[in-house]
Each structure stands twice: as structure tokens, then as C-alpha cells.
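The same chain A turns up in both complexes below, where it pairs with chain B and then with chain C.
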Partner chain A sequence: MMKPRYAVIDLTTGQVTNYPISEEMVAMYLGGKALAARILYDELKPGTDPLSPDNILIINTGPMNGTGAPSSSRFNLSTRNVLTGGIASSNCGGTFGVKMRKAGYDGVIIKGKAAQPSYIEIIDGEIAIRDASHLWGLNTEETQHRFDNRYGMLVIGPAGENLVKYACAVSGERVAGRCGVGAVMGSKNLKALVAYGTQEIPVHDRQGFKRYIKEWVDFLRSHQSTGQDLGLYGTSGFLNKCNASGILPTHNFKEGSWDKADMLSGQHLAENYLTRNSGCISCPIRCERRVMVEGKEVKGPEFETVGLLGSNIENSDLGLINLWNYHIDLLGMDTISLGGTLAFAMELQEKGIKDFGLKFGETGNIMDAIYKIAYREGDWGELADGTKTLSERYGGKDFAIHSKGLELASYDPRKAVGMGLGYATSNRGACHLNGGYTAILEAIGAVPVDPITTKGKPELTVFLQNTLEAVSTAGFCLFTAMTMISGFAFKLKPSGKIVGLMGGCMLSARFLLRGIWNKLPGAMPFNSKYFLPHVEAVNLVTGLKMTSGNFLQIGERCYNLERLFNMREGLTGKDDDLPARLTGIPSDPQNPDTVVKVKEMLPLYYRTRGWDKEGVPTEEKLKQLGLTR
Partner chain B sequence: MITVKYYGPLRRLTGMPEEEIEANRVSEIIKAIGKRHGKEAAKEAEKCFIMVNGRNAALLNGFRTPLKSGDLVQIIPLTGGG
Partner chain C sequence: MAHTITEKCNGCGLCAKLCPVSAITGEVKSMHRINVKRCVDCGVCGKACSEGAVLNARGQEVVRIPRQQWPKPVISREACSACAICVDVCGKHALAISLPLRPGDLRVYAYLKDEKACVGCAMCAKQCPMEAITMEIAGGEEVPA
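== the complex of A and B ==
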């Protein structure tokens, strides 16, 4: 097995040194966010201010990046989270990760702060820190145009320079959106990283891998979700279903559906704005939307952006969202946190608590507000601090829609209560993906599980959180896991009793899912294309001999390690919570169960994870996972 | 009367975004769609999610799910995605 090559880049001293990664570390963590969590846990001093020079930013890949495996361009940024103070991991489908590997590095660990604006150049195994004074102040598109277009790039815009707490980093038009990773780059005077090289990506069994990948791509293309729907309608394809299910955030998550939502759907986008679909490197799914904005073809908005800058602020003009999305990317901000913060400011105005001049349904001043936030100018500049800080400053904590400080993604969890538990326990804050994305089963997918019951949700959430963690760690897009819902289910009548029964069976599997984690990896001594096709692909690339059990245990190990990191930074079980609006006010006034009963679900969630009553991983669990505090 | 809302291809096949239908069960809605808009529309409806007052009929009683006057039925194409 090839050992990954990592460098430590100290921006204060300008020194570049190697950081050794052992084969044992690869077998335990693979790469991506899991390996980054290990390094952060070992190297970052607890209590470090996220925006201080002492914070560490890790940008790394997994073993699959650049191998040609389907949807394997995802790379990772990990650091101390600007919004939550816990762990940050932000994932991006741009070209930088693949190009960095081709340039000879699997990851870089960035420390310190450059004396003046700088960028890091990684060319054919050589790392140099260069002056970026001429780039400072440019937007993300202008910055990238200043480099050779063969380079893989990762840049920040003005929002990162101005330390907007939810600033993102941009690679091409893809974004590492969440947790304020762009602000961490800005705090280090780091405008960009660029990479280029021609080195071969190591693959242990190239012939076997080639055969396997062909088979897997055919499988993805034959599945309705990954072979058809995502390509046709993008991530907003299920917006109408979310709306009908009552989970589309509306009016700062006061309601879960909106009568104008149809104007925001993926189908509406396809009929009125779509020029073509596109996708990341080596991805057969092609979920990216291309739309015309200001006379040029650019990336269209994702579902999260459409929900949070649409129904959540009561805007039904999808054309405006296309335009805002483009400008927010130019400035370098997370559309999820930005949309959530705008809605919170609107509700502060509505309740007479603080008037930022922003009102639900009024879109005329939003573009101006977006720019003022990015540059931290005037009253709107305050919104750069995010929902949690604003609620501490002005009040309104009950309707400040975040968990641990990170704004919720575009799913109201009161009619998808497992998703609510996922948001509350997600290590990076209220993220749907890190939270397990249980909403896919509860309100969106072809096999529905009861969205309101709490039964089975803790077990399902743990299973999905660990699974997605493992998939991400290897360098895959999470959409490759969509095929876990059998293609067979898509052939059935979606509202017939059979799929209802299948959903019921899924919840009944809770007893199995509850006990399995103490019996891994032995309890799952197999690999299957229909369950987790990723495992065999990783084996062929690395030479490891993992089973599905080993793979899922890597996900579980990562989740526990991130939890340890959060605890060391002062987060506790008390932070596994949601705002009172979501836990106390029913989405459906006629149904008192349409709230997220976090307190009811947590004890079983903790037990399933092998944590104590306070949510602390037990020594036994840590030993089982080979983790030390 | 039941308010029935259409999305995706059904809107094209029926030529309308919504209509009122008299029915006591979900299956009767499908039948009525067939009668009013043709077999193709009814077949398409069967391939969709049928939401009764925001709940997936599959988790109620499937096509036998009872309906009462004032209920809202939304018929939405099955889409995977994320």
C-alpha cells in the first residue's frame, strides 16, 4: 500500500515539512475527514481561537480521489469550526483535490499566518508560498482567472478576507460551503491554493479496478435515482415532495410548506432556466445545473440554496435565486448559513426586536444585503456573524434556527423527526449530511418510513451517520450511496401498500441496527455491490482487504473521534439540541407529535452509539474502535 | 369534494394544475382521473407519490386510504435525488 504524502506548511515561518502518515493510520481512517480529525486531535491545542494563527487547516483527499472511480473528486477541509467551536469538516467536488494528488500530495496541514496576502503553489511535488497581494480583494472567479486554467484551484472571495463566519472556499464553481473554512483561510492571509502535476494516482490492482469501475458505473446508470432523476432535475427534483410532506422550511422554519413552492422546483428550473446539466470529474450522475445569469452560463443553485433563499424568506422568484447564488459564490459565502441568517433577521424585524430593514417576501434589497454582509459594511455587516451570535446579541433564541451554531439545512425536521435527531447530534452542527440524512427515508425517497414516529429513528440515524461518514472519508460523493435504496423499489407503485411495508421493515430492523456496532467488523463479513459498492473499490485501490463491516467501523471511528474533539472544546450532551421552535411548537397544530422530541430520542441514540447517559463515548467503545483520548 | 393537485407530467396530461374530484378512497381518484383525462393519465398517477393531507398514502392504507370532503390529495412524480 502506498503511504499518503502530507506536508505541513507553516505560513508564519514559510517552512514546509513532511508529515508522516503510517499504513496503520490509513487502515484505521482511510483519508478525508477521518484522517483529518485524527491529525487535528493530535496536533491542535484545545481552546485555540478558530481565527487565530494557531488554528490548523487541513486540506486533504481520500484514496479514491483521481482514480476514475465514480463521483470520487470530493476533497475535504477540516479545522476548528468558526461557527460552533467544535470540529469543522467541509467537502467539495471541485478539481483541486484531484490536481493536488497529481501534484504529489494527498494532503496539506496549514499552520500560522502569512505576513501578507499569500497563496500556496503545489507543482509536481514542490510546494511554494507566493505573494498574493495582487489577488487580495478579487472575487472567486476573478482570482481563478489569474491562474493557468490547467491548475486545480481553491480560493476565497472577499467574504473570507473579511472573516465572515460562514465564508466558504471555492474550487472552480464547486464550493466547500459549511463551517466557515473560508474565514479560516482569510485569517491566515491565505487567498488561494493551486496545484498541478502529472504524477500517477496509485492503484493497487489496476486491471481489477478498471473492470470493477465499469460494472459500478453501469449499476449507477441503471438506478433511477443516480441514473435518471438527479441528472434530469438536480437536487431540487424533490422540492415539491418536500413541500407536500411538510418539510420545506418556510418563513424561518415557522411552517413546513408554502403555496408558491412549485415555482422553485427542479422541474420548474428544468423547464425555464436550465441550459444543460453537468457534473464533477469522473461523475456519471451529473446533478449540476447550468443556468444563464447576466449573459453567461454558470452553475445553478442546489436544493438547499433554493429552499433557504426561496420559501424560507418567502421568495418565489427562481431567477433571482440563480442570480444571488452566482454572486454569493463570487463573494465566497455558504448559501445555507446566509439564507438562514437572512430569515432570522427578517423575523427579528417582524417581531419588532431589531429592524435590519429585511422583510419576508421583499426581495428588492437582498442583493445589496449580500454584498454588505460579505464586506461587513453597515448594519447588514452584522449578519456576517451568523444566527447564533445575532440571537445572543438581540434575543430570539427560540427561533434562531441552528444547532451548536451552524444553521440548519433546508429540511424542517418536525415532519422528519429522525432528521431532527441527526441535526441535533451532527458533529459539525446542524448539517443534514453529517446528521445522517434520514429525511431521504422519512419524506423523500421511494421507500418511506413513518416520518413522525420516534421508533427506530435513533438506530437508523446512527447507521446512516456512520455510513455517510465512511463514504465521505474515502473521497466519494454521498450520492453514490443512493443506490442503497434498491432500484426494485422504484419499479413499484410509490403509494401502494408494498412500499409502505418495506418502509415498516426498515424501522423493524432497529433491533439489528442497535446491536450491530458492538459486533463489527465481524457482523458484516461481506461486500456487495447492492449494499456498499465503495468497499471493493477501496480494496482494489489500496490493497486493503476490508469487508462492509470494516468500512462501516471506519465511519463509526470517525464519528467518535469528532465527538471527542468536540468534547475537548467544551461541547457536551447539552449541545445535542435544537431551537425551541422545532422541539416545542408542532408543525401541524392538529398533531402534537409533529415536533422533534430530541430528549426522548437521545438516550437510545447514545446507547446505540455505546456512549454514556451524558453522551460521552465509554472507554469500552473507544477501546473497541482503537481510539485513545 | 377532494382537491387534487398535479405535478410534473400529470399536469401536462390533465392540462391543469388542480381540480376537484368526488371520491371516498384514493383508488377512486385514480379511476376519476382515467375517466376525465384518459388511461395514460391514470397510469401516470399510479406511478406517482400520492400524498393525502401531507402524508404518503403508502404509510396509510395505500390505494384503499379513505378520503373525506375537504381533503387535499397531491400527486407528485417519484424522483430520487439528494
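== the complex of A and C ==
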């Protein structure tokens, strides 16, 4: 196995040193967010202010990046979370990760703060810190146009420079959106990283791997979800289903559906705005939307953006969302946190608590507000601090829709309660993906899992959280895991008995999952293309001999390590919670069960994870995962 | 492994202009150099050199070939998954993903958009995970990538 090459770049001193990664570390953490969590845990002093020079920003890849495996251009940014104070991991499908590997580095660990605006150049195995005075102030598109267009780039916009707490980093048109990683770059005076090189990406068994991925790509292309639906309608193809299931956030998560939702759907976008679909490099799924904005073709919005800048602020103009989405990317902000914060400000106005001049259903001043937030100008500049800070400043905690400080993605969890548990326990704050994306099964997918019952949800959530964690760690897009739901199910009648039975089986699997996770580490001694095709691909690339059980255990290990990181920063089981609106007020007034019963589900969730009653990983669990010292 | 330039070089700069990875530098009318870390051994520099000044990785002189006989990528529409790895890796921006024929058409594929820009380096063919690309010279003869 080739050992990954990591460098420590100290922006204060300008020094670049190597950071050794052992083979054992690769076997335990693979790469991406898991390996980054390990490094952060080892290197970051607890209590470090996220926006101080002492914070560490890790930008790294997994073993699959650049190998040609399907949907494998995802790279990771990890640091101390600006919004939550816990761990931040933000994932991006741009080309920077692949290009960084081709330039000879698998990851960089950035410390300190540059004296003046700077960018990092990683070219042919050499790292240099260069002056970026001429780039400071430029938007993310202008900044990238200043470099050779063959380079992989990762840049921030004005929002990152101005330390907007949910500033993102942009690579091409893809975004590492969440957790304020752009603000961390800005706090270090780091405007950009660029990478280029032609080094070969190591693959252990090249012939076997080529054969394997051809089969895998064919499988993805033949699957209803990854071969059809995501290509046709993108992620906003979920919108109509979410609306019908009652999980489309409306009016700052007051309601779960909206009568004008149809105007926002992926189908509506395809019929009225879509020029074509596209995708991250290496991806055969191609869920990216291309739309015309201001006379040019740009990236269209994702479902989460449409929900939070659409129904959640009662805007039914999809054209406006396309436009805002483009400008928010130019400025470099997370559309999820921004949308959530706007809705919160609107409700503050509605309740007469604080008038920011923003009202539900009024879209005329939103563009202006977006720019003012990015530049932290005037009253609207305050919104750059996010929902949690605003609620601490003005009140309204009951309807401040965040967990641990990170705003919820566009899935109202009251009619997808497993998703609610996922949001509450997710290590980086209320993220649907880090939370396990249980909503896919409860409200969106072809196999309907009872969305209201709490039965089986803790076990399912743990399983899915670990799965997505492992898939992400290798460098894959999470959508490659969509094929876990058999393509067969998509061909059946959606409300039919067979799919109902399949959904029921998933919940019944709780006994199995509970047993496997607590008592049989390294269970699932098999690999299957139909279950997790990723495992064999990782084996062929790294030379490891993992089973599906081993692979999922990497996800579990990462989840526990991130938990330890959060605990060290002062987060506790009490932070595994959601705002009162979601735990106390039923989404459907006729059905008192349409709330997220976090307190009811947590004990079993903790037990399934092998944590104690306070949510602290037990010594036994840590030993099992090799996390004790 | 890398190609090298010998003292026969007259500094015309053609190789530097053609190199798909910008590995060659040098002043006009003086000897050019190849960055060994960057070179991908595609041999385009040697095929273009009128002076026979380029040696391949084995130290053999690369034979000059008229440009119309340089191979071009031929892409199988059936095998291509439109993953765009080739589009990204092409230093000459010669490749693109085709436009859908009608709304909702998912059957798109990579194609040689700018034939003149292509230098026949075969990086696209080497990196295609679906092995959908073959390098062929005019007339249809396949050349190993």
C-alpha cells in the first residue's frame, strides 16, 4: 500500500513540513473525514477559537479520489466548527481533491495565519505560499478565472474574507458548504489553494480495478435512482415527494408542506429552466442542474437550497432561487445555513421580536440582504452570525431551527422522525448527511419505512450514519450508496404490498443491527455489489482485505472519534437535541405523534452505539474500535 | 521516466506550445527543457520536432510524424458514461460532453469537439475508466494508447 503524503503548512512562519501517515492509520481511517478527525484530535488544542490562527484546517482526500471509480471526486475539509464549536467536516465534489493528489499530496494540514492575503500553490509535488493581495475581494468566479483553468482550485469569496460564520469554500462550481470552513480560510488570510500535477494515482490491482469499476458503472447506470431519476430531476426531484410526505419545510419549519411546492420541484425546473444535466468529474450519475442566469449557463440549485430559499421563506419563484443560488456561490456562502437564517429573521419580524425588514413571502429585498450579509454591512450584516447566535441575542430559541448551532437541511423531521434523531446526534450539527439521511427511507425512497414510528429508528440511524461516514471517508459521493435500495423496488407499485413489506423488513432488521453493532464487530463477512460496492473497490485500490463489516466499522470508528472530539470541546448528550418546535409541536395537529421524540429515542440510540446513558462512548466500545491509547 | 531534449534543439518553441501538460520551457532560439516531474511521456514534442531533438524515456530518438497522421480519440458512445474525466484531463480542452438531443435526454457522451486543438497525447484514452476511447489515425487504424 502506498502511504498517503500529507504536509503541514504553517501560514505564520511559511514553513512546510511532512506529516507522516502510517499504513496502520490508513487501515483504521482510510482517509477523508475519518483520517482528518484523527489528525485534528491529535493536533488541535482543545478550546481553540475556530477563527483564531491556532485553529487547524485539514483539506484531504480518500484513496479513491482520482482513481476513475464512479463519483469519486469528493474531497474533505475538516476543522473546528465555526457554528457549533465541535468538529467540522465539509465535503465537496470539485476537482481540487483529485488535482491535489495528482500534484503529489493526499492532504494538507494548514496552521497559523498569513501576514497578508495569500494562496497556496501545490504544483508537481512542491508547495508554495504566494501573495494573494490581487485576489482579495474578488468573488469565487473571478478568483478562479485568475488561474490556469487546468488547475484544481479551492477558493473563498467575500463572505469568507468577512468571516461570515457559514461561509463556504468553492471548487469550480462545487461547494464545501457547511460548518463555516470558508470563514476559517478567511481567518487565516487564505484566499485560495490551487493544485496541478500529472502524478499517477496509486492503484494496487489496476487490471482487476478496471474490470470492477466498469461493472459498477453499468450497475449505477441501470439503477432507477442513479441511472434515471437523479439525472433527470437532480436532487430537487425529491421535492414533490417531500411535500407529499409532509417533510418540506415551510414558513421556518412551521409546516411540512406547501400548496405552491409544485412550482419549485425538480420536474418544474426540468420543464422550465434546465438546459442540461451535468456532474462532478468521474460521476456517471450526473445530478447537477445547468440553468441560465444573467445570460450564462451556471449550476442550478440543489434540493436543500430550493427548500430553504423556497417554501421555507414562502417564495415560489424558482427563477429567483436560480439567481440567488448563483450569487450566493459567487459570494461564497452555505445556502442551507443562509436560507435557515433568513427564515428565522422573518419569523422574528412576524412575532414582533426584532424587525430585520424581512418578511415571509416578500422576495424583493432578498438579493440585497444576501450581499449585505456577505459583506457584514448594516442591520442585515448581523445575519452573518447564523440562527443560533441571533436567537441568543434576540430570543426565539423555540423556533431557531438548528442543532448544536448548525441550521437544519431542508427536511422537516417531524414526519421522518429517524431523520430527526439523525439531526440531533449528527456530530457536525444538524446535517442530513452526517445524520444518516434516514429521510431517504422515511419519505423519499421507493421503499417506504414508517416515518412516524420510533421503533427501529435508533438502530437504522446508527447503521446509516456509519455507512455514509465510511463511504465518504473513501472519497465517494454518498449517492453511490443509493443502490442499497434495490432497483427492483422502483419498478413496483409505490403503495403496493411488496414495497410495504420491504419497508417493514428494514425496521424489523433492528434486532439484527442492534446485535451486530454491539456484539459482533467485524460482522458481515462478505462483499456484495448490491449492498456496498465500495468495499471491493477500496480493496482493489489499497490492497486492504476488508469485508463490508470492516468497512462499516471505519464509519463507526469515525463517528466515535468525532464524538470524542466534540466532548473534549464541551459538547455533551444534552446537545443531542432539536428546537422545541420540532420536538413539541406536532406537524399534523391531528396526530400527536408527528413530533421528533428525541428523548424517547436517544437511550436506545446510545445503547446501540455502545455509549453510556449520557451519550459517552464506553471504554469497551473504544477498545473494540481501537480508539483507546 | 520522462522525455528529454538534446542539443539538437533549435529553440523553435513548437514542443512547448503543443505539450498538453505544459512541461516544456525555454527561451526562443535556445535549448528547451522538459520538466521530468510533469512529463507524461506522450511523445507529442518528439512527433512535432523538426530537428529530431527529443529522446523518449528509453533514450531513443522520437521520429517526426506529419500532424495529419497523429492519432485522434475515437469515443464509443455505448461505453462512455459521460463522467468527463477525459474532458478534465485534456490539457488542450479539445473534448466536451455532448448536448442532449431533446429535454430529458440522458444519453450524452464525450466527443472530440475541437479536432484542431487535439495533439493526440492519448491521456484521455489512458484515463478513461470505461475504456471507451481508442486512438486512431485518419483512415481508422488504431494506435495503442
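Everything that follows uses one rule, which is that the second predicted complex is superposed on the first by the 624 of 629 C-alpha atoms of A that agree within 3 Å, B and C clash if a C-alpha of one lies under 4 Å from a C-alpha of the other, contacts with A are read in each partner's own complex, and residues count from 1 in each chain.
In the analysis below, contacts are C-beta pairs under 8 Å (C-beta built on N, C-alpha and C of every residue); 3 or more make two chains touch, one makes a residue touch a chain.
If you're wondering where the values come from, they're calculated on a predicted model, not measured in any experiment.
**Q** Kindly classify A:495 by the partners it touches after superposition: chain B alone (first), chain C alone (second), both, or neither?
**A** Only chain B is touched by A:495; chain C is not.
**Q** Could you look at A:486 and tell me whether it touches chain B, chain C, both or neither (first, second, both, neither)?
**A** Neither partner.
**Q** Examine A:257 and indicate which partner it touches, taking first as chain B and second as chain C; both and neither are also allowed.
**A** A:257: touches chain B, not chain C.
**Q** Output check: A:228 vs chain B and chain C. Expected answer is one of first, second, both, neither. What do you get?
**A** It touches chain B and chain C both.
**Q** Is A:363 touching the first partner chain B, the second partner chain C, both, or neither of them?
**A** neither
**Q** If you stack the two complexes on chain A, which partner ends up touching A:213: first (chain B), second (chain C), both, or neither?
**A** second
**Q** For A:450, decide between first (touching chain B), second (touching chain C), both and neither.
**A** Only chain B; A:450 stays clear of chain C.
**Q** Which chain A residues are contacted by chain C in one complex and by chain B in the other?
**A** In chain A, positions 228 sit in both the chain B and chain C interfaces.
**Q** Using the touch definition from the top, list the residues of chain C that touch chain A in their complex.
**A** Touch residues, chain C against chain A: 21, 23, 35, 37-40, 81-85, 87-88, 91, 93, 97, 99-100, 103-104, 106, 108, 127-131.
**Q** Report the residues of chain B in contact with chain A in the complex, numbered from low to high.
**A** For this pair, the touching residues of chain B are 7-8, 17, 26, 46-51, 54, 56-63, 74, 76-82.
**Q** Okay, in this complex, where on chain A does chain C touch?
**A** Its residues touching chain C are 68-70, 95, 98, 124-125, 149-150, 197-199, 210, 213-214, 217, 221, 228, 231-232, 270-271, 274, 276-279, 281-284, 286.
**Q** What does chain A use to touch chain B in their complex?
**A** 223-226, 228-230, 233-235, 237-238, 240-241, 244-246, 257, 262, 265-267, 287, 303, 415, 437, 440, 444-446, 448, 450, 478-479, 482, 485, 490, 493-497, 499-500, 503, 588
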